[in-house]
Each structure stands twice: as C-alpha cells, then as structure tokens.
Amino acid sequence: MICGIVFDALWLPGTEYEEVSPDSDPSKVIELFDLPAWILGNFDALESVKKGLEEMTIWGESNELLGEIPPLHLSLHDKYGGSMVVEFIDGEMKIYDNPNGVLTNAPELPWHLENLRNYVNLSAYMKEAEINGITYKGMGFGSGYVGIPGDGTPPSKFVRITLLREFSNAVETEEEGIMLALHLLNTVDIPAGVSKREGSGPAAFENTQWVTIKDNKNLKLYFRSYDCSSLFVVDLNKVSFSNGTNHESIIVDKEFSVIDVF
Amino acid sequence: MICGIVFDALWLPGTEYEEVSPDSDPSKVIELFDLPAWILGNFDALESVKKGLEEMTIWGESNELLGEIPPLHLSLHDKYGGSMVVEFIDGEMKIYDNPNGVLTNAPELPWHLENLRNYVNLSAYMKEAEINGITYKGMGFGSGYVGIPGDGTPPSKFVRITLLREFSNAVETEEEGIMLALHLLNTVDIPAGVSKREGSGPAAFENTQWVTIKDNKNLKLYFRSYDCSSLFVVDLNKVSFSNGTNHESIIVDKEFSVIDVF
Amino acid sequence: MICGIVFDALWLPGTEYEEVSPDSDPSKVIELFDLPAWILGNFDALESVKKGLEEMTIWGESNELLGEIPPLHLSLHDKYGGSMVVEFIDGEMKIYDNPNGVLTNAPELPWHLENLRNYVNLSAYMKEAEINGITYKGMGFGSGYVGIPGDGTPPSKFVRITLLREFSNAVETEEEGIMLALHLLNTVDIPAGVSKREGSGPAAFENTQWVTIKDNKNLKLYFRSYDCSSLFVVDLNKVSFSNGTNHESIIVDKEFSVIDVF
Amino acid sequence: MICGIVFDALWLPGTEYEEVSPDSDPSKVIELFDLPAWILGNFDALESVKKGLEEMTIWGESNELLGEIPPLHLSLHDKYGGSMVVEFIDGEMKIYDNPNGVLTNAPELPWHLENLRNYVNLSAYMKEAEINGITYKGMGFGSGYVGIPGDGTPPSKFVRITLLREFSNAVETEEEGIMLALHLLNTVDIPAGVSKREGSGPAAFENTQWVTIKDNKNLKLYFRSYDCSSLFVVDLNKVSFSNGTNHESIIVDKEFSVIDVF
C-alpha cells in the first residue's frame, strides 16, 4: 500500500535539530534520514503524522559527503489535500500547517508567508493608468504583475510560484495539471552559472539540476533533469513494494535527447 | 544553399509601415510577408541585407485573421554573428545594429537598450553586507541579482534574458548550448492564465505557446510546444530545397508525452 | 535628572498584551500607557530596563478615541548607544536587542531584520556593466542601489532608512547630524493622499503628520510638522522637572511659514 | 512685466548642441546660456517660444568651471499650464510637449514617458489578496504601490514624482500647494553620501543641495537648501525689473537654523 504522502526536504541554514537526552526512550528517538521511511510507512494523513512527530525526538547526523549535519526543513503533502512544514529552530521542532502549499529554502516558513503581504497589489490582468489626464497603456500582457521579483533566491521563488499558480488557469485533465506544474517550475528555473559563489570548484554555482512533480492521487512521480528536456515518469502503481523485492536505483541525470521531425 | 540568416518577427504596437507612392519602381516595393523569402533568398550577411533594405519600400497588408495590419518589428541574425533589428516608426524604416542580440515585443529596441542601464548593479555572485556593524548574509544563491524583474511584460523579459545569458556559464558543446538556451527561455515562460486581459474569449490570456532555438551554424531548428516537454528538431541539412520539392507543414503543437522509467 | 532614554511606540496590528491573573502582585503589573513614565523615571540604561520589564506584566487598556486597545511595539534607545525593541505576541512579551536601531510598523522586528538579507547587493556607488561586450553606464548617481523599494509600507521604509543611513557620509557636528537625520526622514515622507484606504473620513489616508529627532546625548527633541517646513526644538536642559512645576503642552502642528528673502 | 515662464536646465549626458555654420544669420544664433534671458524677455506662452526656437540655432560653449560644454535638456512651464521640454540629440534640437510636466536628468524625455507604462498597475489604495483561499492583508497604508522604485537615479525619481503627485490629495490653498510640492520633493531627496562615485574629491558624491518651487501664477520662487530646513521665498512682485536697477545675488546655501519652543 502506498500512503500518498509526499515528503520533501529543503535547505534551511541555521537549522538546529533536537538534543537527545541519555535517558530518552530509544523508540521515541529518530535520526532525520530515517524519518521519510518512518512517516511513509506508518501514516497516510498529515493529522496523524503531526501527532506522531510530537512524541518523537529528531536528531541530525553529520553527513560524510557534506561534512556537516544537513540543515533541512521538511515539506509534507497528503492525498487529502493537507500540507505541512516541519522546521527545527534553536533545537526545537516546529510544525506548521501550510495552507499555501509552497516551500523553498531559507528562511523559515512563517517569514515567507508574512512576505506574501508585500505582493497583494499584483494581478494577472493587463492594466492601464491615467496620469495627469493622459492614458498610459501597460507594456502588454503581464503588466498587472510588474513588481514580482525575478531573481533566484528562495524568497523570490516562493513569491513567484505562489502568485503565478494563483493567477494560472484552472486545469481539467491530469496531463494539463502536469504541464501547468512544469511551466510554473520553468519560471523558477536556474540556468547553470546564473547564480554563483565567489571562488571555483563543484559548489561554485547552483543550477536547477532536476525538477520533480509528485501526483499523490495517481501515485506517479514525474521528473525532468537539466541536460534533457523530456519528461520521465515513475508509476508507483507498477512497483512492487512486497518484502524481498529488489529495486534498482533510477538514474535522474538523463542525457540530452531530441526528436527528429523528419 | 541555406543562407544561415535567422528572421524573427515580434509584436510592436504602434508600428507604421512605409507609404508606397504610385510612381514607385515596383521592383523596389515589397509587402512585409514577402520579406522573409526575399531576404533569405538573396543574402547571407546582415551587412548586405541592410544595403538591400535601404533601397526598398516595405508596406503592410491587412491580415484577415487578425483584422489588422500586424504591427511587427524584425530581428535578424546571420551566421557570422551579426544581429540587426528593423522597425517601422511613423512610416519610416529604422535599421539598428543589435550587439545585445535580444529582442522582445514593445517598445522599440533603443528603449530596451537604454533600459539595461537601470540594471548595471546586478551580479551573478552571492552577496553579503555589513550594516551598522552587523553582517547580513544574502538569502543564498541568486542574492547578487535581487531586483531583476520577474513579470511577463516584454521589457522585463528583455532584461531577464539579457542578464541571465550574460551571467551563465560558457558552454562547450552544441548540446550544452541548446540546453542553456532552453533553460534561459524557461525563465521567461508564461504559464497559461498568468497573463490575462479582462473579458473572455481566445485572446483573453497569453501563454508561451512554443519556444524555438535556431542554430544557424549547424542549420537546425529546435522547438518545444506548450503541451509537451520533449524537444524537437528540424534538421535543415536533410531538407531538399530544390525546385519542385513538396514540403509538408510541421505540426508544432505536440501532444503531451512522457517516458516511463520502468 | 533626565535619563536619556528614548521611548517610541509604533503600530503593530496583531499585538496581544499579557494577561493579568487575579492573584498577581499589583506592584508588578502595569498598563501600557504608564510604561513610559515608569521606564523613564526608573532607569537610564537598557540593560536594566530589560531586567525590570522581565519582572512586570504589561496589559493594554482600550482607548476611547481609538475604540480599541492600541496594538503597539516599543522602540527604546539609551544614551550609551543601546537599542531595544519590545513586542507582545500571543500574549507574551518579547524583548529584542536591536543592533540595527531602526523600527517601523508591521510586521515584527525579527521579520524586518531577516528582510534586510534581500538587499545585500545594493551599494552607494555608481555602477556600470559590460553585457555581451558592450559597456552600459548606469543612469547616474544612485545606480548602485536600484532595487531599493520606494513605497510607503513599513517594510519598505525600514529597508530605505536602514540602507540610506548606512550609505550616508559620516557627520562631524551636531547640526550636521540633525540635518542628516532630517534628510533620511525625507526619504520616507508620505505626502497627503498618496497612501489611501478605500472609503472616506478622517482615517481615509495617511500622511507623515510630523517627524521627530531625539538627541539623547544633548537632550534635545527636534520636530517638524506637515504644514510647516521649519525645524523646532525642545531643549530638555531648559525644562524644570522638579515637583510642582506646571508644564504647558506643546503644539506640534505648526502653521505654514516662510522667510522672505527681501 | 514678468512673463510667468519657468525655465529649468537638467543634466543629460550625450547632449550635442547644434552646429553653427559660418554663413548663419547672427541674429538667429544663440548660445545656450543666453537662452533663458532671450526666452523670458521675449515670450509669455510656450506656443510662441516653440515657434521662436524653431528659427534659432543653439550652440553650447565650454564652461571653464566644468571643463566641458554642459550637456543639458530644458524644461519650460508657462502660466497657462503649458509644459515643454527641449533636448539636443545628435546635433538636432527636439521640442516636446510635456503633458506630464515632470523632468529629471538622463535619459531623454520620450524614454521616461514610455517608462511610465511599466508602472500602470500601481495604486494609492491599500490592498489585500486571496491566495489559495487565504486572505493576506497588505502591510498597511502604501500597499497599493509596492513596486515603485526607491533609488536616486533620474528614471526612478521621474516615476516617483509622477505617480505620487497623481496619487496625492487635491490642494485648496496656495500654502497647501507649496507644502504638497515640498513633501513630494522630500520623496526624491538624496542625503549626502547616499549616492557616491568611486574615488574622492568634490564630485565624489551627490546630494540634494537645494530644492526650488516656482509658483508662476503668484510669481514667487520658494527654495530650501541642504543645511537648513526653513523655507525661503523670493517674491518677484517686490523686485524692480526696470533698467538700471542693481540686483544683489541671493545666497541659497542657508545655515542651519532651528526655532526654540521655549
């Protein structure tokens, strides 16, 4: 049985996980990277995940590859339409309902939600204005949301995804929904090199290595990677989750491919 | 022989084509929609296109579908790296070198180039700042170009494409170049409904119906349409341009498709 | 003796003061509007104010004129250079050091400080940029901080005052300091009608009714009101604070005045 | 007789004045700095100024102090409500009606007017928005014009003055009008050091050295300088313009002054 909960982890510098006291009940203590399996294996609704989490102590282990305890906040969605965010601030677990359903990296969710209040004057509709008796037409489609930030930082991506999703047309079919999600993700795409750090080396720049779309009603995971424009799907209905089944890893970094018209 | 010139036409409200006087030499008069064939059939470098155009009078015919003379400015690129824009303002043809190589819709090219001067403080590099003795780290990658506009109007798209192309990493292969172009185009993607006009009907909203990438060194035309994420290519080297060859039209609106991983 | 503490109260919708339990020690309970007298009468350094406040319960009384308990957060400065903010969130008093020294209205201080991280790429210095091999000069002085918000909301005023103060030249004399403060306040001035609410009536628009500058080293209070450009000062050194002295109120709303050159 | 025409000159880098040919009629040639006297002495309406200018050739003399021919465009207003701008581009005089009535420095007027089309979605009114079913209130007064630029470059000042003037309340008296103009000018005030150039020396930073308000109905010139907040007036009705009258210069740089309340 697949629970239909979607679990994502995003970077939140400054995160501090909980302290485990020596006399804790070991069955109530869990390391961050064991959390997905524990949640996906035990719950199917966020309401019960929340109750479950409140009884647990969650600690973070240093990651060899990263050389640090990865500072993460968690975004969860269930198949009933619920959305929830878990953060670890000053060693304390914070669980938030997330009626907006969006999460990006830093800073904490409540800051992002408050920040939406700075963009309440934006509109999907073309505008014009009369100034000193003269009518000025907007520059065309999109003139109602001039002022929306276009950069690659997490606060700007949060605003962009939130508002453009709100402005977009309702979709009718599953395929339309997937394509709308993909076009929305396009608007926060980071081409390689656009967002750099001084210095060189593997972490010298960021790019959108891949995007994923998780359809937790139809139990399909879509993804697209940086070097290939084609969309791939993992249909979880076709995967056996019975004990003892061997699973291959999926290679996400797909190679460039193009379809010849002739 | 394929000339390697790329010819694009973009919407510029307010365009006024030239007047044709009754005693004009008919061989020096050409309707706008005959211009691509005339240019692509007679020239291979923008320098000579420019000389050719200066001798011609270009008029615009009302288009039945649109119910108006389409107001267009033209963006041309040749295989030698040249880029040029042609506009029709107050009935006069203006030909501009376009060293920046970018064009969007309204307003005229010189305005867009002047407008770039408002964004000279933006940088690809992450930033931090000391304010009153306290260090504030930026919000992460992308903090050097906060202030870049994120909306769907042509001036904002012009700025975004220009700067993000400038910031991006150099590419080494043809495939990397295609994918960089595609990711840059993602940053100006318009999901359906995000940019609306009051009222309803077919012209009630704009979306990015398709994107094209024209490789005029390798003579390939790539495209991707709204409903399908896969990339298609027309390899002009495989097309016969000899007289009498029948050509089929290419359907650009591709249907949703996805590749199953299992 | 004048303590040299500056006490300001600013609007913070959503504020909830503390609950007073029936069995509280009455000497440890104080109404918000009695707080200025209590602080200014008992302390001269913020460190001790902080300790004092932590022992008190602060409640808010409904104000007849306003028809509500005014939702306020408090900004304090002492003559030793300290700065502190007090907020009441969900019935709990929060005391923050404020090394940035700035406060505006909504939202809470920590949000504003986090928000500064969105503006770390701004600079006082004129800029130019090379784009695709062409040099674009900025539009002149000020081109280093294009992207700073210009509107009248409290987050934008917070950013503007913080950054422009940081960018401004060091002052050498008291008079230069006063004038710099006044010019900084100009940059957040709200002309009457610019910031409106739908509907009419006395609260239908906001304007900067007056500005004050508090020099807590020299113990002078400067102010300027909307209808008169002249600067006024209350020199606290000239005011008798001995018991039994009668004090007149000061009329802050000065009338238009102008100095004739001839 | 005072003509009621207001003549201002503002910095426009790239300006090229007209060439004077050796066989020009000397009575039709005038140096830029003689232009104010010629216009103010010969005309009282912009319509006739325009006709007059079209017959003249205007050249620019190198200025010893500046070490260059000052590149200026001219803003003129008459007492009938007319407004006009004169620019010198590629050695050609351009005369524009300026129904918007605003001018700042670079770039040329038509660019600024086109640029207003980017701000047609801004409003004086407070806003709120529903996003994904949740209502977000704006951050208070001013939330309708978030997105207005706050920096010190001429394009941003042009937008700010234009829109805030449009949003402001109608004034009823002369004094209210003067104070509104002053508050609008506050919003484009540049505190010393905020707008810098790399390097040091007298031209290393810009500040708003003085502001002037010209009331061409009542024939009064108001000014305020950087170091003194008081408003000064030159009442032209009191000035004798008869031949042979000696005029003293007016010192604009007023010293700090403050009015003691006690």
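Chains: A, B, C and D, in written order; residue numbering restarts at 1 for each.
Keep this in mind: a residue touches a chain if its C-beta (ideal position, glycine included) is under 8 Å from a C-beta of that chain, and two chains touch if they have at least 3 such contacts.
Because the structure is predicted, anything quoted here is derived from the model rather than measured.
Novice: Quick one: how many steps at least from chain A to chain C, stepping chain to touching chain?
Specialist: 1
Novice: Averaging each chain's C-alpha atoms to get its centre, pick out the one most distant from chain A.
Specialist: Using the mean of the C-alpha atoms as each chain's centre, the farthest one from chain A is D.
Novice: Look at the interfaces A-B and A-D and say which one is made up of more C-beta pairs in contact.
Specialist: A-B
Novice: Taking the mean of the CA coordinates per chain, how far is chain A from chain D in Å?
Specialist: 49
Novice: Based only on mean CA positions, could you tell me how far chain A sits from chain B in angstrom?
Specialist: Whole-Å distance between the two chain centres: 31.
Novice: Quick one: which residues in chain C touch 2 or more of the other chains?
Specialist: 107, 117-118, 138-139, 143-147, 153, 155
Novice: Could you pull out which chain A residues touch chain B in their complex?
Specialist: Listed in rising order, the residues of chain A that touch chain B are 11, 13, 105-107, 124-126, 138-156, 160, 164, 167-170, 175, 178-180, 182-184, 186-187, 189-198, 205-208, 222, 224, 226-235, 238-239, 250, 256-262.
Novice: In their complex, what parts of chain B are in touch with chain C?
Specialist: Contacts found on chain B: 99-101, 116-123, 127-129, 131-134, 136-139, 143-147, 162-163, 165-166.
Novice: Within the complex, which stretch of chain B touches chain D?
Specialist: Contact set of chain B toward chain D: 107, 111, 114-115, 117-118, 153, 155.
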